[in-house]
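As structure tokens, here come the structures.
Look at the two complexes coming up: chain A is in both, with chain B in one and chain C in the other.
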Partner chain A sequence: MDSSPLVLTLASIILASTPLIIAVCGEILTERSGIVNLSLDGTMLMSAMTGFVVAFETDNVWLGFLGAMGVGAFFAFIVAFGSIRLRQSQFAIGFVLTLLGDDLSAFLGQNYTRIPGPVVQHYAIPILKDIPIIGPIFFNQNVIVYFAYILVFVTWFWLFRTQPGLRLRSAGDRPEAGFARGVGINFQRYLYTIIGGGLVGVAGASYSLNIKIGWAEGLTRGFGWIALAIVIFGGWSPIRGMFGALLFGATKALATYLQRTFPEVSVVAFNAIPWVLMILVLLLVGSDFTERVITVAPKSLRRPLQRFLKISPPQALGSTFVED
Partner chain B sequence: MKKNLKWLSLVMLIVLIISACGGATPTEAPPEEPAETEAPAEPEEPPPAAEGPFRVAVVMPSAINDLAFSQSMFDALTAIESEMGADNFEFDFSEGIFVVDDAAAALRDYASEGYNLVIAHGSQYGGSLQEIAPDFPETSFAWGTTVDTFSDQGINNVYAYEARSEQGGYVNGVVAASLSESDVLGVVGPIETGDAKLYVDGFVAGAQATNPDVDTNVNYIGSFSDVALASAAAETHVQAGADQLTGTAQMVVGAIGVAEENGVAWFGTQANQTSLAPDIVVANQVYDWTVVLDEIINNVKGGKLGGEAYALTFANGGLLMEYNPDYDLPAEVKALADETVQGLIDGSIMVGEAPPPPPAAEAEPVTFGMILVGPKNDRGWSQAHHEGGLFIEENLPDSTMILFESLNPADKPEATLEGVVDDMVANGATLIFTTSDEFEEDTLGVAEKYPDVVFINISGDDALTGEAPSNLGNIMGRMEDLKAIAGCAAALQTDTGKLGYLGPLINFETKRLAASAYLGARYCYENFRGMNPDDLEFTVTWIGFWFNIPGVTLDPTEVTNNFFDSGADVVLSGIDTTEGIDVAGQRAAQGAVVWSVPYDFEGACDNSPDICLGVPYFNWGPAYLDTATKVGNGSWVQSWDWNPPYWDDLTDNTRTAVGWINGPGMPGEGQANLDTFIASLASGDVNVWSGPIFLQDGSEYVAEGSVATDDQIWYLPQLLQGMIGPSE
Partner chain C sequence: MQDFFIRYPRVWRAFDILLPFLATLAALGVGAVLLMVFDANPIVAYGALLDGAFGSTNAVADTLVKATPLLLVALGICIAFRGGVINIGGEGQLVLGAVTATLVGLALPDMSGYLLIPIALIVGFLAGGFWGAIPGLLKAYFNVNEILSTIMMNAIAVQGMNYLLRGPMIDPVQLDAASRIPQTARLSAAFDLPRLVPTRLHLGTALAVIAAFLVFIFLWRTVVGYRIRAVGLNASASRYAGINVPRNIVLAIALSGAFCGLAGAIQVYGLHHRMFTDGSATGFTGSAGFNGIVVALFGQLHPLGAIPASFLFGALIVGANKLQRVMQVPSSFIIALNGLVVVFVVSADYWRRRIARRREAEVVSEEIATSEAEVPT
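Coming up: the complex of A and B.
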């Protein structure tokens, strides 16, 4: 049972979803503080490249992650600095950084293309790994996967159960009110943009050092955009974001499965499935369809449904705040 | 995939209520329609050249005001027009035709409209012109920059022209080295090929000759069009202390901007670039194509439509040095420059000429080219070839290898086999290995272009089919036997009875290798394990190329994981890189009972020795050395070699063409069975390609009692019955 195809596939989905989970948590922290770091796709490529190159040269994956984190934080700092200090459009800066990261990673990484390098070593958690079914799926993984679980919980707890989390959300939701209460709005925004960027960096490196081992131009292209979409899909909540990432991973696995089952259908069609699904979900969330579902639901279900389906972004997302 | 991404980003932008800030997608400029002619001519049959004006049409890759390659041609035609008068001469042009197919359409249009001379101004247009020119025997064509007029193929209406840009490069190098105070020079090049490489090499040689202490930093950015990257490269040079910069091709405008900002001197080439930065441009090498065009036009008027190759040099006035009058160039430096030009004209200074052939001897050293499809350290296919090249260098004293790595559309989209070969030949290569079936077609072309150079295409069959000219041979190792051993090893070890085969793209080679592995697996499953071979599940998944190209191929990491997820416990790799064994290693570390058989490179087991059942590998050294030795002493003759293993010792790298390294992961009992199997293959007692063998569609391929012929194996049309996976 423990090595049945279903269990193995579920374990693979968990593993393949970890970088997205980490990136989503990072971006949620950033967006909750009121900044949109649109550069995720480029940041991920840069950090995937940096992570692999550093790990390859030093033969130490953890230094690779550290380097990637630095690159991610630096890209995020540019977004924060540009929007807070220079008062430029954070979307424009993020978009330009996306393009820059794509090309720059291809350029700087060209001598490290398609060569084998170090990978994250597996580490099963004693005792827990022996639980039937659950064990092999969740606890027979590696440290990055466990880090992702913990990160989801810590992010949720920090955001919704602590005072610093309240200050963070005030910067994104009611900056004026927060400021009146003595919260340094822009400090909050700098802080969480940089922390979020660092996490995105970790996500990028966990592709090149764990999931899609090695480096090649465009290795993670597209996943940054997916992470941004999942943040919206998950309603800026880390736990729902995690489910979004897992759903995406599952559809990818389903696509691979269908591909093998129907070899006569073009590969491209199946590869498109997860992306199409993401678009549909985004459209659904963005329309008033959900409101209508809630109004026709039985009365007793309305409140929980509303809690589950209603999504609203941080009120001051993407705006600049002038402290005076 | 890319389209979906664009969609997704669009939706995201809307959802996030983003003010429109997107980068406009650059659209391909449609080729400019050639001007209408009054009397529409019958296509393919131009009207005879009548009295009227002499009409010229030209197709160019970049804009006519690019201050570089295309402008030099446009200016020359304008000059001729004003010289001959609008009544006697007119010309039309299509600019910015970077896409070769568009250029081909434009060239054909022009030719069918009865122009007297149609110019294909870009070396990348050669292939198209070769097809078009014979259809219009009354029209004259010119093609540059090249030396090839296709006359050896019976085409006699094509002129070739080129610029000896290394001459002006040399002069610029001399001036730059004289002016430099930091003794650091910077060069921003596009792709290391053709005209650009000539110029850069000339510049480096000139600088070196003037001041041996000068450091010339050369940076090829890998693109003809990426202005931003050119700026970045220039910035790097300035940071490194360079106070004189140069560069060539259309994208240097970015670099010139950087030079101007930093007050660093600039040297131009192809056209006069002074107007771009009047304060810092020192000198320009200017192409004056009128020299060549005048001759061609006169010839065409006289009825000779092609067959000659022309070059711009200082001697014939086609190359000119133009100095910026506003730049304060010291008189003695100017004098030195003039002296250098004079030296190049009278031949006292030589630059860019191939070295004279060395005197004859027993074991001749050979300069040979090695073109790889991947990086030289991929621990797979390409590394094996690189080591074959090193084997020649070790065993044939003083031989030199000229290496070109990663020639594939993903890594070097703008480089072509022809361009790479041009450089290798210019650098003295007399033997060139093109080490991928991807290069088979292009190798035919270059072999015809350079009849004096020996070409060896790996895994091709042109020498077998008779398509190849006499200077092109093929080498391949008989990997089929080793793949049978690989399949056997997998079948001996599997518990689940499910094997996965990680296939590259689908062609004869990959089909017969996968089939050989399957036949070996069946044999051993039945004869050593006592199982029913029909129960063996053997799945082939083709990723679509020899290695992973994100967004284009399936991801081999994912495919391998998927094999294991669906119950396979041994994955055999047929691709150039090592994902198969890497993923198996990760899985084994998780406690899974899985195994791997990698491929191509003898050290491939080292990635994860404990789960490696052995590796079939190529050992190109002996065949390469043999070829190089024969080319050196002139005894090489064309052949198609399908080299068998050295059965007495499959690890003897001085003798065997293909080898097998036992895997540390194979337990003793399995190893004993495998050794028995190898011995029976070696003695000929067992041949896995014995009938009956059925194809995937159920038809009989090899009858009971007979053995497949070499031709049947080489040209296997489909996978075999029982294998799961597509055949085309």
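Coming up: the complex of A and C.
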């Protein structure tokens, strides 16, 4: 039972979704403070490369993660500095960094491609792993996976249940009001952009040290954009973002499964499924479809449904704030 | 330094125009340090780069050929950015334009070239526009973020291209040879865009330059172009002025995609004469859909500014190949160099604006001083 194909598939979906979950949490922190870090795709490539190279040279996985975190934080700092201090378009800077990260990682990592290196050790949590079905799916993984789930909870708690979280959200939602209350808006934005970037760095390294072990050019290409889409799908909430990441992992697994079952249908159709699905999801989230669902729902369900389906971005997202 | 420019406005104006090029030189300076880190002599390396880009008639022609798709994509990006939409779907739109234009050429092999080439280019133009209109409609009417939707449209276009080139459109010769390289048959030689001089330079380059002037006229001398720019500057003010904002958003990004599609069609008919893939979009496009954005930013989002900008980037890319051969450094070094150039140009632009602001402030304060002096009389 515990090693049945279904359980193994579910466990692999959980494992494959971890980097996305970590990156989504990081980007949510950044965007909730009012800054869009569009460089995710490039940052993840750079940090995946750095993480592997550092871990390979020092033979220590955790130093690899630390290095990747530093690279992610540095890229995020450029975005924050460019938009706050230099008042350039966040989107332009983020996009240029995406291209730069892609090429720079290929350039700097060229001597480290396709060689075996250190990996995150498997660590099953003692008692919990023996719970039937749930155990092998959730608790027979490694530390990074557990970290991702703790991170989701911590991010949610920090954002919605603490005072610093309130200050952070004020920077993204009502910077003027927050500033009048004595919140250093731009300090908040620097802080959470850099923290968010650090987490994206961890996400990148967990590809090269945990999932797609090793480094190759373009290792994580595309995943940064998916993470950005999941942030929107998740309505800037870590818990919904986590479900978004799992859903994406599930569609990918489903595509692989269907491909094996129907070999006569072109591979391409299945490869395109996740992307088409993402567009449909963005469409559902963006249109007033959800509002209509709420109005037809029975009265008692409306309020919880509204709380669950309602999505609105931080209101000052992407705008600059001048303190004076 | 700033005070100097404020005092001598004429020197400043000359400096202003040269600034992007000075920034480029500064970026090359940083690149020289990088080269030294990799044990390469920067002078020899840049010599090779210049030689590769401008060293002979063929080199210049190659630079122009490389600049052509960059210019066309940049024109599209200008329209989109002026209309307030960010089109990152250039790669996918380029692929779609190229595939449809190739289909036209393969389907009608006996047609006269004079008739078929214009038809194929128009089909590519329309196909790119169609692929751009989808994210445009999604943004204008369903509030879907266009950055993300265009990225996803890229991925879908690439999958479609791979399917067509490995299946229905594959060259029959490849099918027989069992090597199955995913590419179409060569289009009839009657459909080649005319060469301008005995090099690889083709008519497409001239078309692109003409298109740049047309886009300039469109954006600044027509009502539709004015509306697009108005929506980009201030959507809510435009709405109050009676401009149909969603329609102009769709139009801006559709036109943007159309120029990318045209770039794809011209790549097929002017340069490759067939469509091929290496599994990703880059194999065919050479990342022109992304680099075009950089070119447009470099040209300060002005269609005419995009002409020299695309030439410069074309030279950098062509020179890179030579530099790579001579110095044995990876060509991705040059693309990293492109990134450096952009960072420098953007920060130089910031510096320029700051000086402009200060100059304005001083002129205003002088006017106040003179008007106050006049009050007592």
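For the reader, a short list of remarks on this structure follows.
The definition used in the following text is that the second predicted complex is superposed on the first by the 324 of 324 C-alpha atoms of A that agree within 3 Å, B and C clash if a C-alpha of one lies under 4 Å from a C-alpha of the other, contacts with A are read in each partner's own complex, and residues count from 1 in each chain.
Simple rule for what comes next: contacts are C-beta pairs under 8 Å (C-beta built on N, C-alpha and C of every residue); 3 or more make two chains touch, one makes a residue touch a chain.
None of the values given here were measured: they were computed from a predicted structure.
Once chain A is used to superpose the two complexes, chain B occupies space that clashes with chain C. When the two structures are aligned on the shared chain, A:Arg87 is found in touch with chain C, with no touch to chain B. Comparing chain B with chain C, more residues of chain A are touched by B.
Using the contact criterion defined above for the overlaid structures, shared-chain residue A:Asn140 touches chain B, although it does not reach chain C. When both complexes are overlaid on chain A, the residue A:Pro164 reaches neither chain B nor chain C. Contacts of A:Ile232 after superposition: both chain B and chain C are touched.
Within the superposed three-chain model, A:Leu8 lies in touch with chain B and out of touch with chain C [touch as defined at top]. In the superposed model, A:Pro304 lies in contact with neither chain B nor chain C. In the overlay built on chain A, none of the stretches 8-16, 98-106, 116-124 or 152-160 of chain C clash with chain B except 152-160. Of the residues of chain A, those at positions 38, 91-92, 95-96, 99, 103, 107, 110, 222, 225, 228-229, 232, 268, 271-272, 275-276, 278-279, 282-283, 286 touch chain B in one of the two structures and chain C in the other.
Of all residues in chain C, only 86, 88, 138, 141-145, 147-149, 151-153, 155-156, 159-160, 162-163, 167, 287, 290-291, 293-294, 297, 330, 332-333, 335-336, 338-339, 342-343, 346-347, 350 touch chain A in the complex they form.
The part of chain B that touches chain A in the complex is made up of residues 1, 4-5, 7-9, 11-19, 21-23, 221-222, 228-229, 232, 374-375, 377-379, 406, 410-411, 539, 541, 544, 547-551, 554-555, 557-559, 561-562, 564-567, 577-579, 582-583, 586, 589-592, 607, 725-726. The touching residues of chain A, when paired with chain C in their complex, are 38, 82, 86-88, 91-93, 95-97, 99-100, 103-104, 106-107, 110, 222, 225, 228-229, 232, 266, 268-269, 271-272, 275-276, 278-279, 282-283, 286-287. Taken in their complex, chain A has these residues touching chain B: 3, 5, 8-9, 12, 16, 36, 38, 89, 91-92, 95-96, 99, 103, 107, 110, 113-116, 119, 121-122, 124, 140-141, 211-214, 216-222, 225-226, 228-229, 232, 256-257, 260, 263-264, 267-268, 271-272, 275-276, 278-279, 282-283, 285-286, 318.
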